[in-house]
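After this come two complexes, each holding subunit A, first together with subunit B and then together with subunit C.
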Partner chain A sequence: MIDKFREKFVEESLDNINDLEEALFLLEKDMHNREIIERIFRAMHSLKGGGAMFGFNHLSEFTHHLETVFDLVRNDKLAVTNDIISLTFEAIDQIKHLLQIGDLTEKADIANQAAFIKRIQAVSNQEESSASTTVVGESSGSQVAVSDGSKTFLIGIKPNEDILRNGTNPFYLLDDLHAMGEAKVAAFAKGIPDLGQFQPISNFCYWQVVLNTSESVNDIKDVFIFVEDECEIDIKELKVGNIIKSEALDELVNNSVADQTLITKEQIEAIGGSDDNDQDDEKRDAKRKVQLKEHKISSIRVNSNKIDDLVNLVSELVTIQAQLNLYAEKDGNGDIVSLAENIQKLSRQLRDNAFEISLIPLQSELMRFQRLVRDLSKELNKEIEFVIEGGDIELDKNIIEHLTDPLLHIIRNSVDHGIELPEERIKNGKSPKGTIIFKAFYSGASVIVQVIDDGKGIDPDFIRAKAISKGLLDENVELSRKEIFDLVFLSGFSTKEVVSDVSGRGVGMDVVKKKIGEIRGEVSLDSKVGQGTTLTLELPMTLSIIDGLLVKVANNQYVIPIANIEKIHAIDDVNFGNTLNNVVSIGDQQFPYIDVRDVFECDTANSGGEQLILVKFEDRKVGLLVDQVIGEYQTVVKPLGRFLKKQENISGATIMGDGSIALVIDTNRMIHSNAAKKYRTKK
Partner chain B sequence: MKDQITSLISFYVNKEVFAFDTLKVRNILEFGKITWVPNTKDYILGVMNLHGNIFPVADLRVMMATEHIENTADTSIIVVSSDGKNDSLIGIVVDGVKEVFDIDGLEINESVYHGNSGFVNSFLGTIHKNEEFVHIIDLDETVMEIEN
Partner chain C sequence: MAKTVLIVDDSESIREVVNFTLQNEGYDVLVGVDGEDALKFLDGRTIDIVITDLHMPNLDGLGLIRKIREMDAYKHIPILFLTTESQASKKMEAKQAGATGWIIKPFVPAKLLSAISRVLR
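Let's turn to the complex of A and B:
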């Protein structure tokens, strides 16, 4: 999970850096603008803080020094100069690099960064020394080599086998050399014999050191003064600038270590002097830039409004395409028909693509739930483990936005009412620690989200009794187990006597059902006394375009989502054996059915040619009786607006090719509310 | 509220003159094809499509319990949005649109209209203009009635 945060941090930081660069450009034009300076400081500050938090230690350290400079600037202790601006630009590149690769691992990079920090420090130190601004330019690596008269040496150290017997540690020699300047060491250990012949008190290694120092050859020789007799020392002065930091030297050293071949003077001199050094830098810069480009291609951040616009435009396109199809069919011109078909294909692909873009993983909201469980269980003295499965399941962002509140409520319920106190759990033979599982998975065109707890569960008999006492249910009505649990979602039903301030807040499960209904989802509950409760949400993956079946009911056109349809039967096959109970038999099976004309309270008579559409409803199949099936239709679902939100049977509308409107039937809710009528008799 | 109104759009319902705040009006359409929506209140005639937005249409004449309703060539649909959002678009069917006029200098009096106005009970005031009383309907209150 931390990787996700790191990714997000990098993404946000890149935005931050863009902002920083933009501000720098502005600052270049107006060097005294306090607002811009503040903006830069803030951007650096958040980079520093975020870097430390997400394990970008080098980034954090580096930015810290940069921030110091701008802290001085904003406190009027340092004036903005072109040098500072260029240095900052350069630093930004370094920051990008650091974001890219995380903490530095290559020695050369680390040394590079240290040098860079020194340059930055030099700038911030100006404030105290009031030195001239030339420090910036001069302190860059290559020029130091020339100006302070440092030289580069290749030193070969080949101790005798017996050197260790005298208590000499060759590493101290290397340390001493390091102390004289900048050094790079190649170790040659090929002489070490197999473990069998290995003598711990014998030395089998030798070293080569590339040293850049301002000390003389004699000073270097002094290092070896006590070991002269036990070592072969070979000191060569090289005709190169300071190449310690160059990548080429790194490579050379690595290669020679790998091959166990000595580095020669010529090899190093081939790397070249101070001039080549700059070229190396350039090369490295170029390399970094390439890396940055690659990163940007892999993902971009887009304002969510733009995605909404895209989806809307695609929806419009699909509508127009339907018009074109209609026209092509009427026209009958083969060319136009095939053009229309191609456009249909393309718009379908475009539609699928646009939807994929607007999908985001559930993960983004899960932290809040985890936090809620943690805080609440502490407050209630309960021990609860929150397990997440399927956090990478993706849903339309509009659906996720609508999902958060109901889920918070559901999880709150599980923590408060579901999971028992540890003592009670032990008494019932359970582990004192309760578990709440948050589970998401795909099922056909829907996404199922479940919240499962192993708490005390709910007794169906209790629900039934309670519903009767509240006047929600007639005493004589027989209900299935599932129907009983559905009672929980009726308004005016709350299983706990006292509304607690934890899960109370005046919203009950009926609100959850309503909210989920708004995004065309279904919610159901199942429970076993003593074993726990499972709450299941069934959600559509997307809201705006669906494949639909166009049907006619009493002169109006309606769309039924194809994902819900099981089978279509012509009326002839159907035997209305018992119309009183609204049950039909097809073949050797019986299905309950709903006459859509009755539901819609149409007074027109049967127009003949009825068809029965079998749709999936929960674990059953239910028939919907319509006048006529027209055909398949790619439906852009539009909301009916705020005034018709309460409409139960219709979830939206779509504009047909000819500009007329067809309403989209929400089969789940239609069946549900019509089935529910039978136990709402007592009113 | 009524102080912010600078111009009005007036219309007839059953020969009486009423008005909306012009700022809330989006469009005026001819009375055309309306797609009936099942299971709605009887004054909701259905839904219409305007530039890809689908919005419901309410018959103000039914809402105001007018006894004789007849659609003529003058019958119009005034499309309003009480809060400026597309989500809140609603078409209001009236007997005919009269005019748009500026309120400049005209006095808005306390409304004394107590006709048999059915669901429309809230008025922002009444203006006396050209020997006629123009009753300004409180649109916010009216759409709230529709929403509930």
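Let's turn to the complex of A and C:
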């Protein structure tokens, strides 16, 4: 049964870890903030408790040691240092790993974890002893050689006959003792009467437990707090070493069970291993009232599949509703028309709502970026400040999912290639600390995400030369500054001579471009030598619903996203004077254009009149020649399926009110694939 | 009549396990995400037992227990708290605050039910 909840636990823990990382970043800036320390402690505590609950035993063990460190910290026995923070960051990675794979099985992994735990223990031990030297002072010398600090107890438990009637199960007391350390239990059941007189609701047994634990006698007493009145409890501390694993003890326990005679204190102490550390228990009073102000939970967690389903259903509804409108218009019955209108209103609201639900703030991913910058800059000995602006901007979760990898790559590039080493920066008259700004903002129906660094920048001439040497560009072609920077996104282009370990992981900017293209986004780069580089992503807010312009090309209907459209011109305004170069002039301006009928290889002869649609393409406008503009159309885009993934012109399909299908034109990619040929050399 | 249990834990997965286990056994279950959140259920309705975590934001388990013990209507209801074995020192503190008993994490459903039935006698 527990298995069902494992997944939930993992999900929740990942959130927990996110919170933990955030808190650690805060702690790094403010090492004495109790609230933050308490938050970290609690996160670890939850991981430990939950880990044990849901069968992540290694995770539980591992976080236990971390928790110990932060328990010391919050009780002022240990001061936060950079080392502790770094160690904890490292530990978080291990926790993530453990959450992914569950318990470790590889021997090497287990050994690694054990080594890691040693390091963590070193932190808590070292501080514990140094703390106690300051407190205890004179006795510090003798405490250096403390062994494992465990003690052995002989515990007798003799419950009353009616303990079971109260619902107490004495076995759980034994469980609790087992949880404190290692225990051997002897059960004495000779009191159980013959079957005839046996009463299942009465208890006739008693137990003796030999317990080896590092807890104090008070902690053992605590186990019995709530059964004091129902049991006779006898706890004796034994003067022996750790003999819990010895065969002699096994024998003693077995014999006493066989003979049903109680084990005595002396019998065990005779086994030996007399221990000389007899120090008093440290009283750890952790009485603290911490008032914590954390945001109230104002949201619920929903499986993302459910949201996908909802959005899908709503899109179906919107489609059907369009059909209903069409029918109502044809039918002309006033009742039906008004019904259809009401349903239209509702379905629009529903659509907007569903759309909003599937948006999540960028914030959720930013922690990873921050972490990346921190770790990488340490590794590369660079000083970098990572500034986040607009983390609360919301995007479709599918877009964010597609965004993470490209952004990680971009940021990695900025850290690795963009920002210079501190010495170099000083030499160039900059502050030794570099800055990377992560900026997100709305622009119309799109979201712009920028990664801006103040590093060394990229020289356009260098890019050009590089592209020519790689055979990506003919040296006679003149390019604008923007076109030159676009060369970086061509496949086969990599500006770094030697592929470095950090950013050269076989992914180039072409992959970034492709990934961003998959979510109908655009990526561009701008740079000034010596001043830095800016990478700009322009992203749609959602993938599933767009405002489109319905057009006719030959006998087919297509949808052009309105966000891309600048202007629509009747063909009479347009002067086709220079058609050879595919350039038209409107008034005194000239625009390149693409005849969509050519792209789709339609017969251009029987067009019912033409219209030219000017669409935005990068920083220019490009005309698309179509047969007829039908009108505005809000539409739900459905993916095309994997067989049609390879084509360049279409980003999806939509079902029209009458059940026919219109394809959605991806203007950027269409123009790119048709225009790019002009400056790319043929291989 | 079904007994009503109020569960208070800031961990969703723990809440769900406890909730699932108890509902299966026919208990009515109320769920609070922290001490402060749990207080809203203590509005005069009948609650037969409270099961609370100790480490929680806003109002922690001990604080909640103390608050409940101050309320005339709930002064005497049983309160169990969830704890891990490493927090043994907390037990005494919790008892002094007015807890009736505890359940050690990790627990199996049977142990949880036994602990509840014990105090709900």
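Points to keep in mind about this one:
The rule is short, and it goes like this: the second predicted complex is superposed on the first by the 375 of 683 C-alpha atoms of A that agree within 3 Å, B and C clash if a C-alpha of one lies under 4 Å from a C-alpha of the other, contacts with A are read in each partner's own complex, and residues count from 1 in each chain.
Everything that follows uses one rule, which is that a contact is a pair of C-beta atoms (placed from the backbone, for glycine too) under 8 Å apart; a residue touches a chain by one contact, two chains touch by 3 or more.
Owing to the predicted nature of the structure, the values given are computational and were not obtained by experimental measurement.
The partner of subunit A that touches more of its residues, comparing subunit B with subunit C, is C. After overlaying the two complexes on the shared chain, residue contacts for A:659 are found with subunit B alone; subunit C is out of touch. In the superposition on chain A, contact is made by A:64 with subunit C only, not with subunit B. When the two complexes are overlaid on their common chain A, residue A:222 makes contact with subunit C while staying clear of subunit B.
Contacts of A:301 after superposition on the shared chain: subunit C is touched, whereas subunit B is not.
In the superposed model, A:390 lies in contact with neither subunit B nor subunit C. Once chain A of one complex is fitted onto chain A of the other, the partner contacts of A:42 are limited to subunit C, with no touch recorded for subunit B.
By the touch criterion defined above, A:12 lies against subunit C but remains apart from subunit B after alignment on the C-alpha atoms of chain A. Touch criterion met: A:648 reaches subunit B, while subunit C stays clear of it. Of the two partner chains, neither subunit B nor subunit C is touched by A:361. Under the contact criterion defined above, no residue of subunit A touches both subunit B in one complex and subunit C in the other. By the touch criterion stated above, subunit A contacts subunit C in their complex at residues 1-2, 4-5, 8-9, 12, 39, 41-42, 45-46, 48-50, 52-54, 64, 67-68, 165-169, 172, 175-176, 179-180, 215, 218-219, 222-223, 225-226, 284-287, 289-290, 292-294, 296-297, 301. By the touch criterion given at the top, residues 33, 35-40, 44, 47-49, 52-56, 58, 86-90, 143, 146-147 of subunit B touch subunit A in their complex. Partner subunit A is touched in their complex by these residues of subunit C: 10-14, 16-17, 20-21, 33, 37, 55-58, 60, 63, 82, 84-86, 88-93, 95, 100-102, 104-107, 109, 111, 114-115, 117-121. Those residues of subunit A whose C-beta lies close enough to touch subunit B in the complex are 316, 319, 556, 599-602, 638-645, 647-650, 653, 655, 659-663.
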